[in-house]
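Several structures are given next for inspection.
Each of the next two complexes has chain A plus one more chain, namely chain B in the first and chain C in the second.
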Partner chain A sequence: MPDPGRVAALRDPWRRGPWLMLAPWLVGSLLLVGLPALLTLLLSLTAYDGISAPVFTGFDAYRIVARDPLAGRALENTLLFLVAAVPLRIIGALGLALLLERPRRGTGTARVAAWIPAVIPDVAAALVWLWIFNPLLGPVNLLLGALGLPTPGWLADPETARIPFVVMAAAGLGEGFVVLLAALKGIPPEIRSAAALDGAGRVATFRAITLPFLVPWLVVLSIRDTVVALQWTLIPALVMTGGDPYYSTLFLPQAIREEAFDRFRYGPGSALIVLLALVAAAVSVGILLLARGRGVTDAD
Partner chain B sequence: MPVDRPSRARRAALLATLVLAALALAAPLPVRGDRSISFMAWGDPAELTAWSSLVESFRTAQPGIDVELIQVADQSDYRQRLGADLAAGTPADVVLVNYRRMAGFAWRGLLLPLADRLRASEMMDEGAFWPGLLDAYRWRGTLQCIPQNIASLVVYYNRDLLRAAGIADPADDWTWDDLLAMAKALTADTDGDGRTDHFGLGVEPSLMRVAPFVWQHGGEVVNDPLRPNRLGLEGSLAREAVEWFVALQTVHHVVPDAVEEAAEPSEDRFLRGTTALFLNSRRGVPTYRAAAGFDWDVAPLPRDATAANVLHSDGFCIPAATRDADAAWAFVEHATTPEAQAVVAGTGRTVPSLRAVAESDAFLDPSLAPARSRVWLDAIPTIRTFPILPGWVDIEELADEEIERAFYGQVSVEEAIRQAAERTAPFFLAGGDA
Partner chain C sequence: MRTSPGGRVAAAGGVALRLLVAGLFLLPLLWVASASLRAPGLPPPRGVEWIPDPVSLDAWSRLLTLAPVGRALVLSVVVAAIVVPVTILVSSLAGFAIGRMGAPARRTLLGLAVVLLLVPAPALWLTRFLLYRTAGIIDTPLVLLLPAAFGLSPVFVLLYAWGFRRVPTELIEQARMDGAGPFRAWWSVAFPLVLPTTVAVGVLAFVATWGDAVTPLLYLRSDELTTLPLAIRTLQTLDRSDWPILMAGALLLALPAIALFGIAQRRFLADDRIAETFGRRG
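And now, the complex of A and B:
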């Protein structure tokens, strides 16, 4: 027999309301994220070509991936990109937020300019960056050449081909910028005034007051940017290089796409997705542990 | 403050709306004819007019069957879209598939074999196709697709640039040395800034482009054309041919280097009038007719010890998962009638697979560029095909990466050939799954 207390609770709109509000999101997440994730995990334990029924093969797909030099190359490229792009995005967003925090002449325009690259569709942005980094006709090399500096081949040279990807990712820091700008506004002004009265300089105020207030936001942004950066390369890579030259811009998302949809090897393709998710989880946990070591907890 | 509960009537209305919305989404889309099929093809805007005119001519011939044309702009997007659609079991009813990719689908049973339908057809006759062409579409002896064209590699040339340099048009029997001499004469740094502004030649560094040169020199692309299990580029004649091809860039610099090619692709340079000779199949014709602001024509590939060329051909295939095989076949039959082939040939896109159409004015129309279209027909006896293997696309992709590295001077030809042979070896295995 149902507990009359619980039935009453369910009838109470104040208890039921939040769940009803959450329901569309919960159902959507379960159907569109949870279920595919579970299926991917199961597929990674099979040999499956999309046509005949999947055959359970244990960890064979993971062994295939481990032996595949291209998968290794894609993982290496992805990690190199991650290590360069995420800190650049966070530091860039923080620097811009500090610079544009106080309203001065032109601040509004500058804030919009910082935000705009984040809302340009990736395909359009990639085409623009392709031109910006054109080794002979693009503005970057024309400027470098005019200054008498070396003009790299950028996307045509395996040594420099990843740099435009990092720059493009860093330029799309608008969301992080807005979040940090809002966080800066949340710091009670009297604390900074008190510090100024006590004779603290700008650097000391930043280190002792501003930064500690911002750390929780920086942690959230770092984790979010890590997850985004791991997946983000797909469209820019397809538009700008297709993985060339000689696999120097082959990142995991493209490797997954080719493995599954070009070669019909859904087992190894799914194993690569699991690998991508593991990298995201490991880096996120690393960031959290680092933050906790510095005394940041959920309570902050 | 109490929250208003929605009234029973409002809840019922909401539910009804949701149900109606779901039903609307699930309902089949309205169709024009009694039956409806889809045809998927790829090409840039100028090429896609060929497929639109084909679809229009079918709608006129068979008003009872509606055809939806699915156009994909880029060839690699098309391949991935086709692969994903076939895997999902929802492909278009007629798809264009290159003969090099056909086996990859056929061995998985994704294509409807067409041998019986062709034999029973009252509209089509096997003998009307160019001899040997149908063999490129046989998987384990069974015909899978109906070829729509029989193109090969030719040298497009900018006659204005040749005239300005006092050079005569390439002869029908020109040689590798003639090509190199002409390319050298047409390569120039016109503004004296130390960087080449006009290139003699443009060519994509790929197995598809290098193969005819390998064959012409007496080499083989695979170790045994009948039972291939490894690339054949390690043979000395094949290696010499690859070395000659690579030297066009690394030694003679008549072709843009990696940076120059990335800055402006050779085909764009050809269209802009800054590259004199450009290697391509027939597919360039619609675009060059529309966009080239100069007098241009085509010459046969130069020859070495023998003449040889490589087949460029797409076929109409019907996926096994088609919703209406008979309607799809009706479209393929129509597309392969002399009338429909003449319509498509008129757009410039194809070298018709039907011999009679290819030898008619529909293809050879002397008033339309290129005036020397006959070079494609003259090359047909020398055309060779790549092996029909399920893993061939992977083999080409890997080999292309290595050939490109050698072509741009990043590794030696010997190293590139060794890497290509080793990396592609697993894909020669039966079934193609390495």
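And now, the complex of A and C:
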């Protein structure tokens, strides 16, 4: 005779309910993200041209990548872009969300405006920024020239070529802004008004209540922005520079595209993709360690 | 409200700041709009040319005749109308369930979501193609809909998990005592309380699927299955120097996303609405 407690537990909808709720996401993720990602990891251990069957070659593909000076250059450029663009996007999105949190005069327009650069298709946006940073005709240098300041060559000069990419990425902070706006709306208003009644100033309320409440959201956004920024440069670089001048804007996504999809060398191409994922993982671990113990909701 | 002179100065400064932000972020849109109204074949303008001379609707009329815009628009709308609600459903159910799990299971699942988030998109391009080919669904509309099955992005599941953690446990326990099952507790108690999260996820999911040019490019071949971003990308391959038509296309693609957020933030992210939502807790 079966244990009656056990039967009750099996019948209890609160026992199996959560797993039923998880099932679509879990199955979908494992089949459509986990499995193809695992296959790419396996391909990085092979020589594969997309036609004949893959041949296992151990870590040869990684050795090829490690010996390729252009891959090193692409990694360096990508990291330089990452450390500038991601903090700018997160701090910018947080600042805007705090500024535009409450409906006041001009808030609606400013909210929609902050959202817009994120939804302009990247090909068109890249063309617009290409013209904004044009050394001769563009508004940036016309303004700098009128103020008597030096006018850099921007995308034409290896020293400054990455700056327009950072500015363009920072301008597209709209998605982070929307997420943080929603997160702010989720903080029970009475908690913050209680703090204000207790005599806490704006800065004190922000540091003691608002920021700790936002930490889980900021962690998710920072990790997401890191992953997005790592692959985002593909289309802008294609439109604005093609990796020039002197490989100063050659980023990892372009290197991956050329290796895997132009030269059909999926082994080294997949090894570069794994490298990209490892960079994302390393940065994310750093973000998680930085946020540890600082949030209200447990972020682990 | 405050009426002290200092308060008034601060309020005026706040309005000025908000207008400055609006102006700064609106500039790219204005440039796109203005460039779409230039006559074809002109050299790029020197400095800022707000209103082109002459104003030309040539790019817009060519856009609507050249590209299969009408058909692509219908498919894009249908795909978004299915993908966005399914994404909200899948990710909010998963987020709610993660919130209800005990600590070990919850940590494992949150960790899994973060690991999935770290998978770069290029890691999926070729191998997902191989899987779709094996399943025989290349060049069917199914490839546009399938990403909704995993909630488009693990970010949405994480946002819901955080959002549902904010809902007081007593409310869920109360519903359970009253005999509600977990699905009923999710739908009638917890889901209405995370409305701001749903707005953010809905808007982001719409943009992700509406502007996705990669999925149709990789997994679709026939002309009947063109989505709007792909139709507009074709314009660029026809003639890269034809800026006006590309800008018109970009604007056509961006406008629904802009309008959607405009409506959503007005209706759902205003203070009174949220106060009312939280009022329901009592």
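A few points about this structure:
Quick note on the criterion: the second predicted complex is superposed on the first by the 255 of 300 C-alpha atoms of A that agree within 3 Å, B and C clash if a C-alpha of one lies under 4 Å from a C-alpha of the other, contacts with A are read in each partner's own complex, and residues count from 1 in each chain.
Everything that follows uses one rule, which is that a residue touches a chain if its C-beta (ideal position, glycine included) is under 8 Å from a C-beta of that chain, and two chains touch if they have at least 3 such contacts.
Bear in mind the structure is a predicted one, so any value in this text is a computation, not a measurement.
Touch criterion met: A:A281 reaches chain C, while chain B stays clear of it. Of the two partner chains, both chain B and chain C are touched by A:W14.
When the shared chain is aligned, no partner comes close enough to touch A:G199: not chain B, not chain C.
In the superposition on chain A, contact of A:P135 is made with chain B only, not with chain C.
When both complexes are overlaid on chain A, the residue A:R265 reaches chain B alone and has no touch with chain C.
Once the two complexes are overlaid on the shared chain, A:D157 sits against chain B while remaining clear of chain C. Shared-chain residue A:G148: touches no atom of chain B or chain C.
Comparing chain C and chain B on the residues of chain A they touch gives the larger count to C. By the document's definition of touching, neither partner reaches A:G293: not chain B, not chain C.
In the superposition on chain A, chain A positions 13-14, 17, 50, 134, 137, 257 are in contact with chain B in one complex as well as with chain C in the other.
Those residues of chain A that touch chain B in the complex are listed here as 13-14, 17, 49-52, 134-138, 153-158, 242, 244-247, 257, 261-265.
Per the touch definition, chain A reaches chain C in the complex via residues 13-14, 17-19, 21-22, 24-29, 31-37, 39-40, 43, 50, 96, 99-100, 102-121, 123-125, 127-129, 131-132, 134, 137, 139, 142, 171, 175, 178-179, 181-183, 185-186, 188-190, 216-217, 220, 223-224, 227, 230-231, 253, 256-257, 260, 266, 270, 273-274, 276-277, 280-281, 284, 297, 300. Within the complex, the chain C residues that touch chain A are 14-15, 17-19, 21-26, 28-29, 31-32, 35, 44-48, 90-91, 93-94, 96-98, 100-101, 107, 109-110, 112, 114, 116-124, 126-128, 130-131, 146-147, 149-151, 153-155, 157-159, 162-163, 165-166, 176, 181-183, 186, 194, 196-197, 199-200, 203-204, 207, 211, 213, 229, 232-233, 236, 243, 246-247, 249-251, 253-254, 257-258, 261-262, 265-266, 269-271, 274-275, 278. Remark: chain B residues 2-3, 5, 76, 79-80, 83-84, 86-88, 108-110, 195, 258-264, 394, 401, 404-405, 408, 410, 433 touch chain A in the complex.
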